[in-house]
Every structure is written in structure tokens, then in C-alpha cells.
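Supplied in C-alpha cells, the structure appears directly below.
Note that the chains are named A, B, C, D, E, F, G and H in the order they appear, and that numbering of residues resets to 1 at the start of each chain.
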Amino acid sequence: MNKDILRILEELKSGKLDSIAAAQKIEEKFILNHDEFHIDTHRRERLGFDEVIYGKEKTINQLESIIKLYLEKDLRFFCTGLDNLKIDTLTKQFGSNVTFCRKSGTAKNFEYPPCKFKKTVGIITAGSSDAKVAYEAHETLKVLGVAAKTYIDVGVAGIHRFFKYSEDLKKHTVLIVIAGMEGALSSVVGGLFPQPIIAVPTSVGYGTALGGFTPLFAMLTSCANGITVVNIDNGFGAAMAAFRIINCLPEAQNDR
Amino acid sequence: MNKDILRILEELKSGKLDSIAAAQKIEEKFILNHDEFHIDTHRRERLGFDEVIYGKEKTINQLESIIKLYLEKDLRFFCTGLDNLKIDTLTKQFGSNVTFCRKSGTAKNFEYPPCKFKKTVGIITAGSSDAKVAYEAHETLKVLGVAAKTYIDVGVAGIHRFFKYSEDLKKHTVLIVIAGMEGALSSVVGGLFPQPIIAVPTSVGYGTALGGFTPLFAMLTSCANGITVVNIDNGFGAAMAAFRIINCLPEAQNDR
Amino acid sequence: MNKDILRILEELKSGKLDSIAAAQKIEEKFILNHDEFHIDTHRRERLGFDEVIYGKEKTINQLESIIKLYLEKDLRFFCTGLDNLKIDTLTKQFGSNVTFCRKSGTAKNFEYPPCKFKKTVGIITAGSSDAKVAYEAHETLKVLGVAAKTYIDVGVAGIHRFFKYSEDLKKHTVLIVIAGMEGALSSVVGGLFPQPIIAVPTSVGYGTALGGFTPLFAMLTSCANGITVVNIDNGFGAAMAAFRIINCLPEAQNDR
Amino acid sequence: MNKDILRILEELKSGKLDSIAAAQKIEEKFILNHDEFHIDTHRRERLGFDEVIYGKEKTINQLESIIKLYLEKDLRFFCTGLDNLKIDTLTKQFGSNVTFCRKSGTAKNFEYPPCKFKKTVGIITAGSSDAKVAYEAHETLKVLGVAAKTYIDVGVAGIHRFFKYSEDLKKHTVLIVIAGMEGALSSVVGGLFPQPIIAVPTSVGYGTALGGFTPLFAMLTSCANGITVVNIDNGFGAAMAAFRIINCLPEAQNDR
Amino acid sequence: MNKDILRILEELKSGKLDSIAAAQKIEEKFILNHDEFHIDTHRRERLGFDEVIYGKEKTINQLESIIKLYLEKDLRFFCTGLDNLKIDTLTKQFGSNVTFCRKSGTAKNFEYPPCKFKKTVGIITAGSSDAKVAYEAHETLKVLGVAAKTYIDVGVAGIHRFFKYSEDLKKHTVLIVIAGMEGALSSVVGGLFPQPIIAVPTSVGYGTALGGFTPLFAMLTSCANGITVVNIDNGFGAAMAAFRIINCLPEAQNDR
Amino acid sequence: MNKDILRILEELKSGKLDSIAAAQKIEEKFILNHDEFHIDTHRRERLGFDEVIYGKEKTINQLESIIKLYLEKDLRFFCTGLDNLKIDTLTKQFGSNVTFCRKSGTAKNFEYPPCKFKKTVGIITAGSSDAKVAYEAHETLKVLGVAAKTYIDVGVAGIHRFFKYSEDLKKHTVLIVIAGMEGALSSVVGGLFPQPIIAVPTSVGYGTALGGFTPLFAMLTSCANGITVVNIDNGFGAAMAAFRIINCLPEAQNDR
Amino acid sequence: MNKDILRILEELKSGKLDSIAAAQKIEEKFILNHDEFHIDTHRRERLGFDEVIYGKEKTINQLESIIKLYLEKDLRFFCTGLDNLKIDTLTKQFGSNVTFCRKSGTAKNFEYPPCKFKKTVGIITAGSSDAKVAYEAHETLKVLGVAAKTYIDVGVAGIHRFFKYSEDLKKHTVLIVIAGMEGALSSVVGGLFPQPIIAVPTSVGYGTALGGFTPLFAMLTSCANGITVVNIDNGFGAAMAAFRIINCLPEAQNDR
Amino acid sequence: MNKDILRILEELKSGKLDSIAAAQKIEEKFILNHDEFHIDTHRRERLGFDEVIYGKEKTINQLESIIKLYLEKDLRFFCTGLDNLKIDTLTKQFGSNVTFCRKSGTAKNFEYPPCKFKKTVGIITAGSSDAKVAYEAHETLKVLGVAAKTYIDVGVAGIHRFFKYSEDLKKHTVLIVIAGMEGALSSVVGGLFPQPIIAVPTSVGYGTALGGFTPLFAMLTSCANGITVVNIDNGFGAAMAAFRIINCLPEAQNDR
């Protein structure tokens, strides 16, 4: 149950609020009408996770407005896609209320929830330049209450590095495979492991890497069966997809 | 346990075979050395599913060779990506031993296994022209022992058609969403349902549909979170990805 | 009738000007010969709207020259596509004679005309990042004497947000639908509403959004019939297209 | 009012049908449940036009099923995108009940409605190779009760041919401009005429015409303001867009 | 005859130089061996024009080296493709010996030669944003001794502007047509004028203008016959092509 | 003076025709109104060459109509872009009145005119697979009264083959260079010869030849200055461009 | 020394031929002048290998002419890129003099030379659909006197198949790696082996395999260092590149 | 034998280290476990060369971490792809221990090894703007102990410049050909020289040079046989490929 609604309803019962005021308060919490944003506060109820702000496309001004709104309404938000410049600017204004993470380019105004699932996610990158995407995925999963472990720089050019982690990788319920350049890692992982595999192409590489389109296309046409793919550099999306899987397990449905 | 191995070992025990002959027979079963194919018979053990032949890129001659080989060795195969011409030609030669399905473009030489999982997959297409891709996914899931239901022609241009099935779709553990043209259906589904969603772009459409690249790109950049995508027209791949999810559920691991 | 011409002709009649001077003045008003610009002052008469300067491709120097020219000749101009840097620089020089609008990136040297048409335009965006394009369209329509209403952040990922506005949207004569990423909103709108729909793809999104080409192609191949499309981020063009429609209504032709 | 519903209701009143049978009949008329098609019979009421079948992507078998269904249910359909081969095959089976038009690649099972609107549409092509697209647009408009006139082969290479028709073109409420190769015609038309202009790029041309993408991109980036564009070769879509405009005129709303 | 060689040979004859020194001097003039440049000083003799430095791809350091070299060797150079930053830096060092032109982005260390040909070139641009490319072409022609006239902002959106110059344009032997966006101007010019036409696409425009590829492709697939095209923004190349034509006229061959 | 007009006017003077009949006859000759074609019979007067039919995009039916029309009106036509199938079909019907040429894919209903110009064109191909494009250019020039010589298979892989023809190539006024694959030949020719050079990329090659786009782009970005380019496989366009040059020479203007 | 020249010179010495006849014969052997071909018979001397005819782009007629020419002149040729249709047609005419190989799509009119080099080439394919490209490379190497071994269907999806051949692959001097789809095999091979590696992308795959461009780009941006790449499906080119390496070994230079 | 291992083993023998400490030291040398990097120190042994850091994609922070690690562990590294900004920053911190080279954008912490091979590499560039890529290749070869010579600005536009170096180029065992724009140089070199040729496309050029994709595609579809290609601007990769060839020569295998 949503605690905010409970509190409002109790205030109604106790006479602190009349019905109309209570209805208004509930609506306020769930249909935040702001000039430029329609915050979908029902999403948590409907899909099982919170509103997420995608910070890459928003201007500093838009980010300031929306963060202020959330803080005023006392609502939780998680923001991804922040570069260092945005983090610098926003830290000055909101540093005391919001936690910023440079490694993953994210921000949030709440503590990590306790881990809600027994199942875990393994996050693997081909190179060290792919690290930021992995951290975004890892941070997203922590915010969603999912435990994960990250393995960086284990690509196929030195395939023995990869085999070292084989036993460890078998234990995770879902694998996120992150690679730029030719994106070959997902084919190797897909050929060796039976779990659900979410491949994330990255924009690492130059020339024929095509800003991430070559690993994207390579992962989609992989000779290993049943690999699924998300957008370029989309660590957040991969984590959300992993969450959808973890969350549909019977265990998950009982535990929440 | 693999029954073929058991049978060979029992023949060894009963004296019907000596050790060397038994070893040869086992190797034959698992490392099929043919001139142009290295059939990966370990895959079933490793990943939990059988070898699948992708028929689209193979010539009639190659298909004939590989099917003959499988039939001689008395092994199970499942073949996808067959057009009507290939089915016509192959039916003449193998019609009595192999079952061909024109609607899905597949062939197999065994009965459907019993349904092995309680969890089910919902397969939705935007238009009736996307049907063949849905049937390929459905057929693949049946072969893997997964129950599925297919919903055809429920795209967003007449969005009320889609809402009619809402309740039904909520019951499936995994949703496969198949759409060509602008591929908008996956965004609507992704915004409404919390399950794992595997989107399949199709080559239906002309001009700016770009032979399926427009729905592919649209699905990858969907405003709904956590949608994953497979290659254009790849109904088989979507089914394999759904299988990887169904198969990683605790229930699945106990039941097999 | 054009008032400037009337005034000149009256000055001719009153003896203030002789024929040659009057002819020169008229020509000056209508064929402005400048070194680098041929200002098409007939356009207002011919197409029903004023000259518009597209500011994105012009340098600050070119913009300064053309604005100076217009101010000297006492002619009306409307300028679009100005970024903050250009607005900053031009404001210093022309701030007292020209009105700049940062939200829409536009400038003009005249008051909004009174609303000339009974019919209205509805402007809808999928996300809050699409707002600037919507404001450019809105500003353009106001300059043309067309009333409009803007609805921001009502995309398909939370489709209930969209349905909230259904009744309101039905009242507009023309709908402008603005969306980036996968551009699915125009298909949903096109399937539900019978009005003329002008879709504007935006460059919002990353990776497979292709800088706006994915929503562009998606809108052009929409499963909803009769949707038309303008260039990426072209809020001005969409407004002009809406104006062409509003302007061809019998009402419009009588009222002007 | 829909006549079919009226008839059913009168049969109910007269006792010919009981309530349940009547409800079934109404549902049959409006939610046609067929194995692979969900025919959207509400569309006529909602958008003001009948169901349209896009024949290009459908197989002969699918077309046969859907046409049979429509004929059995005694409903009106209009089908576009038929090549000569499909027309030949379908004519053999349905020739007595369905009218096929080779020039425009269309089929229908009803008479042209009387012209419902005073306003007309002008359809212009740049070359004679663009004719089929123009005929598809013309046929679609006739089916929708809109009068149109087609002007073929009046492109810009011999621009005097175009000027010959200037006076005539001014009289139409909407102009559809169809051009392949470099698509320059829409810029010239857009610069000279104030009406709503719907540009249709065609796949006429070779090499750098890019199968229609060059005129598509050229039309979208036209120096003439307020031109809107539909998909390559999409004469049907252009007609639907013209219909949306004609249909939103006050006159239209009164007359229907 | 090359004057430098003549002078050296006369110094040889007069005893000022011995044979070896003379040979060295001649070689120096014609095979300039520098660490990173092989200056092709034969080109003037062979092709009829001087060495041209393309400044866009070269670093400031490379430009400084090569300009110094030319000044030391007392040779003529013409440099194109200089942005304002490069011109600022180079002006400080070479301002007294080299003439820089910002409008066309060029530099040279010699006076314009007298006009060597009776025939002239007309340079037309569609918009005022295309002006820099026109100035580069004009400057190049002046350096080559060819008279030209530039007509800016006479595009097809207001086609009456274009017709005003018809008589004037007929007098030029070669026409250079410069246009961005949809590049339609070259088709109109090509349909009206019989001269050699060199079309230059520009990077003016956004979205579907594709940085100049849309006008490039449009010009190459023009419905007007016999138009030739050069690279995007390549005003220099268009001038060189015009020079090749002017230069092959009998008159030219006699006059030099 | 056009002889047809002269003849009609003489018939008028002699009383054979009255004024109205004469006017009709003249109009018939110059504004051929056919259902689908507007034949531009003024073109010969305006541009100095005849109407050319581009046969590639036209159907057999369209070609038959237009050829019939020309034959009935007793007018000259030249048709390009005919494949063998079209030539076979048209030969049956028009073989006695029209001359077809398979090597160049052209047809015409008149004798070659006598050579009208002293200047000649050299046509060079890199490979033997480029021959058809060269023959189309050659045939077009012959029809226009221009003498040409064709040099086939002299590409850069064996550059000594090319040098063999150096002296010969110097004598032509214009050079047409035809190459597929990497299109390097035009750079070598452009570096060695001072004449106007028209480069034609061909669709010869596979994979990264991109159906002719690689040589197209290579020719446009050639390191040799002043090369101009036409569309892929456009031998006709190259010949027209050469004709525009030859035709603007003083000699040409006197001789006609 | 070339034996043909030796024989001619001996005939000269013995009086069988006079000088002029001998010169003619030599020229005939080395500068074959045919209407459409300039056979580069010097190539063998210059590069160490014979003329190769690329049959894919040539018509049956062109192939017939060139083969006839070679047979008449009694010269050796090797032809690649023949599909079954061409082989069928040519076999009828030349079956007794020319050897055709369907598996590799090649033809030749001579016996394989003896193996000229101690060093060998290993040819590896990822899938069985890549076999034809491997056979083309193998056949080319045999014709050049280079020993090779082919390993088919050892891709990364079942990476244990690949490791089985590790020891064997180490013995080859050059490795040719052939793969379609995502082309991952070359990265794995490149990371494990120190030899020169020539990667050949193939057109095997669909959708995002982009007809071979995805493996092409993947191989070029491989995380393994020093891999080189040839055109899509270019087995012949890979063999030629391997030959260039084998041929530059000291051994090779001594042995020839 | 690796000297570090030898030294550790000797310390073990002499009692300076016990077995466990020795094992730890060896592991440390060969499996450097750092948070974000898995340094593959086996590579030197396995492939015959040291670890190479690709600096282009790494942040300053990542570069600082990895360089520090290498310096602490006393291991050799070679870093490429550094721009001037990175070199400036890193020089401040590591200037005394690391040698930076601006011309080639590289860094290393060791002396050049003595030249290990008799065979040499020729590096040729088409233009002076391609120089940095050549220097990167040259520097890489020096680090690997391979002698090379660089020839800059010898492209095909002035082909006589190229022929001047013919004799010199024949002496190198491997040729690296570097060209931007249309990339024609590799075809000319490939047609004239029998050695292994590694072509490097560069991003020099604008418009249709496509940032290096045009020379890339041109080199891959070259009419000269057996040319291999690496990624755009990849001087390092070309050097590694040349090293793989030089290193597989018998001489090389004996000498090391």
C-alpha cells in the first residue's frame, strides 16, 4: 500500500481533512500537474516501479523545475543520464537533499531500498571504456532492490580472461552483457550460458563502430539464440528489462 | 539424463557392445562430423534446448544433406525459415518422416513434447500481415514445451481493439509484441504491462518502413522502459528469449 | 488592401509625391534590393502571410543586416530558429525595437494581430523535452492570427494521460502532434481523431532515435491513415501547414 | 445513422428478432471476429470513412479470406496496392462482385458515392511515370465522395507546361503534388499557391533518387513553407489527408 | 614560357650561375622537397592554373609551414577553406605578405591577374545562407582570370525573383547554380538555359537536408538534362570546372 | 527556322489552310496534348536538342503509346534506358519504323545527323563491364551530331594500359570518364588532363561498391580539381553535359 | 623466364620467323587487343600471378568472347564469381576445354600447378552457409600453387567446436577467417593466434546483418589487433592477399 | 623466456623468496587485477608484442589510473590515440617517466627496442593531411622493433610524384597505403607492386568523403587484387597487421 494515501485517508478519518480536501490531496500526489510535466505517479502501482527522469535530453532549467517539484511534493525520484556539467550545476542547488553519483551519471533523493529479491543479475563489460554504462545499470538495479555484480573488461580479445569468471556467471539469474566496437562478447556469452541475456551495445569505438550501431546490429544478428537487445548505451533500459524478469518470478510476486 | 546415452551404456553392460564401440557410438551422437556441418549436440545439455537449423540461408542441397544426416542418426531436429518453395521440394523427399508447417515456415521430425511449464507466453501482432512471424514464435515455443496464445491484428490505429484483450494479456508471464510499419504497439504494451516484453520488428510496410528498420529503431528507442528487442522478423529468436526467461524460473528448474 | 500602398497613393493624390517618387516608394516596399537578400514582400499579398526569416542557418552578421534593413524600411518581420546565444547578441542591439522569445526561439517587430479565425489548432507533445518545438508552432500561429492550445508531455508510455484530454482535443479543427524517440503518439492520435493531423518528429532521443529520423520515418509509415508530416523539429512548418488549412476554410476567406 | 443498425432494430421491434439475436447481429456488424483479422467496422462512424484494406503486404490467400468475409457480411470495402498479378487472380474468383481498377491498383464492392463536398482536390504529377500514384489518390477520393482533377506530366524541367495550368490549380481547395527524382515540383507549387499542399514522393528515378527517399527528403526540407508530406508512393495516404481537410470544413459538417 | 626559368637561364648565360647551380635552381622551383609536402609546381604548366592549397583539413601549423615555404621560394599560392579562426591566426604572422578574404574564406599572395577570357560565368544561389560558397567560387575565378557575376537569394520559393534575371543569365557562357535544402533551383535553371551548368549542393538546411546530401542527390537526379554536380559546399571545385570549360574554348587557347 | 512551321505558314499563304486551321496545326506540333504526356516540343528550339524519352521507368504500355504518338505526328524521338525485354517487345510492333540498339539500350526513328561540330569527345571506361554506359553516351552524342571515340577497359589496376592512350586523349575537347568499383580512374585522368571532365560512376562492383555510390562519392571527393559528376550509370546525362559544353563554343554558335 | 617468349625467340633464331613476325607474336601474347578488353598479360611478370576474370559483373556474351579469345591465343585464365546459370551455359560451349567448379563458382583452362610454397593457409568459416566463399578462396590458392586447408562451421556460438582445431590452426602461416551475421569469429581468432589474419565478411544473415555490412564493420572495429579485412564475400581477394604474404617470404623468392 | 619470471624463479632458488611468494609475484606480473582493468600481460608471450592502451576512448582519469598501475608494477606500456589535450594533462603528472609524442599521438615508458627484423615496411600517404596516421603507424612499428620509412603527400592527382619513389618502394616487404578523400592511391599501388598491401582510409575530406567511409569502401572494392584494409584512421592497426606479416617470416622466427 502507498503510505501517502494511507496517511491522507487517516487524516480524513480523524476529521483533519474533509472528503473534498482528501480527494484533492490524493489527486495531487498522483496527477502532478505542472506546466511542462505530467508526472506519471500511477506508474509505480501499475508496473511495480517508480517514475524515472531521463536527464540527458532535459535542460538544466527543466531539471531544476522537476527536481524542485518532486522535493516540494515530498516524492521519490531517480534520475539518469546526467553528465558532469549537469551534476556540478545541480549539486550546488540540491546537494543537501539529493545524492549524485558521477560514475553512473545518476541522482536520487532517497536511500537504497533493502534488497527485495533472492535472484541476482550479472553485469559484464567487454572493455574498461564500457564501465559507465555498467554502473548506470548497477545503480538502477540497486534502486529497484535487485542485487547485482559487475565484471569489467572481460572481452573476447583475450578470451581466457572471460573463462576465469565462468563459474561465477552461472549463478546469476539474468546476465547483462555490455560491449562496444564489434560487440562479439554477447555471442560468446549467449553460446555458453542458458540464462536470459540482455545485450547493451555501447558507443565505444570509432570509424566503423558507427557510434554503437555496429555492436547493436551485431548483437541483434548474433549466431547465439535468444539474445535480446536494448538501445545504445542504455544501461538503465537493460536494468529495467532485468527487473521485469526478476519481478515476474513467483518468488518476487510473493515477496513484495 | 539423455536416453540415447543410457541405451548405449545398457548395451555395453549387456555385452551387446564393447567399450570402444560404445565410445564411438556416444561420440557419434554428440560430435557429428559431417563435411560441412558441425552439429552441436551438446547444446541441449548446456543450454537446455535442442539444435535448431536456420533454413533461410541454406540451399536446398544443404538442407537435404543435413536432414538426411539427422534422420540416419535418429536425432531430433527443428528447422525454421523455410519458404513455400523449400517446403515443396523437401516434402517430396522427406514427407513421410518430417512434418512441415507452411503457416510458420518450419519443419520437425518429432511430436510436440508435453507442456513442461505452468507459465505461458502471450504473442501479440499489430497487423494481420505480421502473422507468419507470430506463428514461427508460437511453433518454436510448442516445440520447447511452452504454452502460448496468439493475438493477431490488435494494433494501435484502432486502440479499442487492443484494450479488449487487456485482462487476458495480464495473465501471461512473458509478452512477445510483433509489429511492422511504425512499431508503436510495443510502446503502448510496455506502458501498460509490467511483464518482460520482447519486441519483434517485422518487414511489413514500404517506403520509410525501411524493410523493418523503422520499427526496429522505434522499439529500441521506445518511451516505455525495459523493452528488449530481437532482429527483424525473428519470431524464432523471440521465442528462444521467452524460453530463456520461462526456463530460469524456480518452477522450471525443479520440473525438468 | 495593403495600407502602405494606400498611404503612398494618397500622398500622390495630395501632391506630396509625384508619380515617379510614388512608383519608387512602391517598388522599394515590394522589391527590397539588398546585397545579399531579395526580400519577398509580395508574399503577404500572395500567400496571406508575412515574410519569415529562418534564423538557424544565418550568421549573427547576416541577421543584423537583415533586421536593420527591415527596421529602416519599416516592414514587419518574424524570425524563428534563434538559439540563446543569437538572442543575447541581437537583444543588445535591437532590444528596444524587437521582441525576443526564448522559449520558442523567435523574434518579431510587431504586436500579435487580433485572432482572425474562429477555428483553432491543438498542439500536443509526447514528452516535456519536445516543448520548444511546440512553443515555436504556437508562437507562429499567434503571429498569423490563429488561436491555439498546447498540451505538453502526454505521450503513450502512460496512455491514460492522453485519454484525459480526449474531449478537449476533439474541439480543435487541426491537430499538430509533436514527438521524438519512437514517435508513436501520432499513430494513436490518428486512430482516434478525424481531423487533419500534422505530425512533427523531434530530435529528442539518442542512439536509434537517429536524431529524429526514427520518429520521422515512423510517422510517415504510421498505421493510422491520412497523417501528414513535416521536417524534424519544424514547429514553424507545422504551424504554416495548419495555417494553410485554417486559411482555406470558407469562413477564413470571407473574414479577411 | 447507420442503416444496418436501423434495420436490425426495426426487425427487433417487429418481433422478427429477439433482443439477444439483435445484439448478436449488431455485434457481428461491428466487431467482426475472424481468425486473422479484426475488422474495425466502427471506423466509418468514428472517422467518417470506411475500412480500407492495404493489399500490398497481404498474400493472395489473406486477400481471398478477407474479401470473402466482407462479401458474406454484406459490408463495403475498398482495397488498394494491388499489382496486376493479384488483380488477375482475384478477378477470377470475385470478378462478378468486386470492381477492379488496374490503372490505380484498387478494388471495391460498391458504387462510387455521390459527390458529397463542393470543395475539390487538384492532383499534379511531375512526370508521366508518376501516374499510377495519382490514379490511386484520385480513386480514393472518388470513393470518399470528393471530386478531384488530375494533371499529369507538368514538372519543372519545362516549367512553361506548369504555368499553363496556374489558373485552373488556383480553384482547388487542396493540392496533392506527386513527384519522383528530385521532387522539385512541390517547392515551385508551394511558392505560388496558398492552399494546403500534400506532397507525395514517388520511387520514380534511379541511382541517387534512392527509390524515392531523395524526393521525400527534398519535399520535407522544401524552401516553400507549410508543405506536408506522406510516405513514398502513398497516393492513398495523400487522398486520406486531403479528405481530413475537406471533411473538417463547416460545409462538410453540415452536408453529411 | 615560365619566367622564373627564363631568368635562371639568362643568369646562366650571363655567367652569374654555373650549370650545376642553374639546374639546382630549376629543380628547386619545380620539385619543392619539404618534409610533409610535395608541391606540384609543374601544375601551372600542365593544367594551366596555379597550385591551390586546401586549408580546411590542414592544421594551423601545417598552413604556417607551407605558406612560409611559398613565401621563401617566391612562388604564388591560392588557399581556400579558411575559417575565421585560421584567418585571424595567419593574419598576425603573414598579414603584410598575404591577402586574406573572410567572405570567401580564401588567401593569396599575389594580385588578381587581368581578365584573360571574353567569356563569363554566372553564379546563382538559392538563398542568402549559400553566399559563402558563391564567394569562394567567385574569388577562385578572379584568381584564374575569369570574369563572373554573382546573383544571391533567387531561389524557387518565390520564382518571380528568378525570372527577373533571365535575360542577364543568358549572357554567361557557364552557369554555377548553388543551393541547399531541396536543391530545386538547378532543375529550374537546367530546364530554361542551354549552357553548361555546374550545380553545387550546400550544407544549408537541417533535418532531412542531411547536411547537403539531399540537394546533392536531388541535383544528380534532376529531371533537367546534362547538369553536372560537384561536392557539397565545393565552390572552389565548381569554379575549377567552369575554368576547365572556359579554358578549352578556341578563344582561350589563342589568347593565352 | 523550324521547317514544319514554315510549311504550315506557306500552306496558309497559298490558301490551302485558313488561319484557324493553321493555328491548330502549329499548336499540335508544339503542345502535344496526350492523356498522360505533355511533350515539350519547344525544347529543341530552346536548348538546341530534341526531346528524349527515358525508357527505364516507363512501362511497355506507356512506351507504346508515346512512340505511336510520335510516329503519327511525324516527329523525331530518341529513347534511352531500354533493356533487352523492352527492345524485344517494341521491335515486334515498331521494328520497321524505329531503329533499336541493344549495346546502348536506345531507340530512334531518324538517321544520325551529320557531325555538326569540329570538337570531339573522348569516352573512357575503367573496365569492360562499364561498356554499356559508354555506348549510351556515344550513341547520344552521335544523335546530337557530336563526334566521339570510346576507350574501354583502361583502368588504374594496370595503369600502363591507360598511359598508352595519353596522346590520343589530349586531342579531345571534353573527356567522359566512366568507372565503377572504387572509381579511381577519374582522379588519375583529372590529374593529367586540363580539359573539362565529366565523371560517370557505374553500378559495377559488389559489396562496398554500394551499387555505384562508392565511385559516385569517390569522384565527388576526388583529389583532382574541377571534375564534375553525373548520376550512377547515366551515360546519357554525361553526353548531354558534354553537348552543353561543345555547344557553347563560338564555333558551335556560328555553325548552326 | 616466360616460356612462350623463349619459344618465339628460338623460332626467330632458327629462321622459322623473321624479326617482324616474332615481334608481332610477342606483342600478341602480351598486349591482347580486343574490342572490349585489354588483357593485362604483363601482370604475371609484374605481380607473380596470372590474369583473373571476375565473372560476376560480366554478361554471358562478354564471358563467351573473352574465353574464346583466351582459348584461341592459347593462354591460361582463371575465372571466379560464376553462378550456376552461367556455368550451365558456358559448359555447353566450352565444356571440353574448360574445367568448371560449382562449389566455388570458378572456371579454368589448365591443370593445378604443383604446390610452390612450403607455407600453408588455414581457411575457417563460422557457419556452413559461408562455405562457398571458403571454397572460392581455396580454389584460388590451389591455382596459385599454395596449399590450404578449410575448416567449416566452427563459429563462436558453440566455442568448444573452435577450440578443437586450435593446435591445427597454429601450423598455418596465414589464417583466412570467414563469417557472416555478427562476424565475431575473427575477434576470437585474432585474440588467440599471432599469424597474419585476413577476415572475410559474408552476406549470410538477414535484417541487421545488412547483407554483410555488419560483419564487415565488426571485423574492421575488432578488439583484436592487426586484423585486416577484404570486401563482402570476397574469397578470391582474401586468397590473393594471402598469396601476397606467402609470396613475399624469402623461401618464396628463392623458389620461383 | 620472460626475464621477469626468470628473475623471480632465481630469487626462489636462492632462498630470497619462498614458493608462495614466488607464485604470488608471478601471478601479479601476469594477471594484474585492478578495479576497472584486466591487463593482459600474457599477450607479449602469446602474440609476440606488449600490451597496448587505446587512449582515444578512455577518460583522463582512466588513463591516469592505468598509467600509474603500469608504472607501479614496473611493466612496459604503449599508448595510442592521444590528442594534444590529453598529452598536456598527462605530461604534467608523468612527464619524467613517460615519453609522449605529439606528431603520432602516442606515449610509452620504455626505450625503442633494437630493430629485430631485416625486412622493412614502406608507409605512403596520399596527402599531407594524412600525416598523423602515418606517424602513428611508424611509431608503432618502431616500438615493435620493425624498421619503416614514411613517404608523405604522393597521391594520384599528380601521379608523377608517385612514380619518383617506385624503385624505393619495391624494396619494402610490406606497404602501408594511407589515403582519405577518394582513396585512389591504394588501387594504383596495388596494381604496380606485388607485396602485401595494407590500406588505411583516413577521415581527411568533407561532404561525400563521409568521414572516411568513402575511401574505406573504395579500398575494399579496389580493382587491384589482394589489398586488405583496416579501420578509418587506424595507423596502429595497420602497423600491427604489418608486424603480423613480418613476424611470420622464417627469419623472424629464428631471430627472436
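To be clear about the criterion, a residue touches a chain if its C-beta (ideal position, glycine included) is under 8 Å from a C-beta of that chain, and two chains touch if they have at least 3 such contacts.
Computed from a prediction, not measured in an experiment: that's the story for all the values here.
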| item | value |
| --- | --- |
| Neighbouring chains shared between chain B and chain G, ordered by label | A |
| Selected interface, C-E versus B-C, where C-beta contact pairs are more numerous | B-C |
| Cα superposition of chain F on its sequence copy chain H - rotation in ° rounded to nearest 5 | 180 |
| Cα-centroid distance, chain C relative to chain F, in whole angstrom | 45 |
| Chain A and chain F: spacing of chain centres that average the CA atoms, whole Å | 61 |
| Chain C, residues touching no fewer than two other chains | 127, 157-158, 192, 205-208, 216, 220-221, 225, 231 |
| Pairs of chains satisfying the touch condition | A-B, A-C, A-G, A-H, B-C, B-D, B-G, C-D, C-E, D-E, D-F, E-F, E-H, F-G, F-H, G-H |
| Contact footprint of chain H on chain G as seen in their complex | 46-49, 52, 173-174, 192, 194-198, 216, 220-221, 225-231, 236-237, 239-241, 243-245, 247-251 |
| Of chain H, residues touching chain A in the complex | 35-38, 40, 42-43, 56-58, 62, 66, 203, 212, 216, 231-234 |
| Interface residues, chain B side, partner chain C - complex | 126-127, 155-159, 181-184, 187-188, 190-192, 205-210, 214-225 |
| Of all residues in chain F, those that touch chain G in their complex | 127-129, 131, 152-154, 157-158, 160-161, 180, 204-208 |
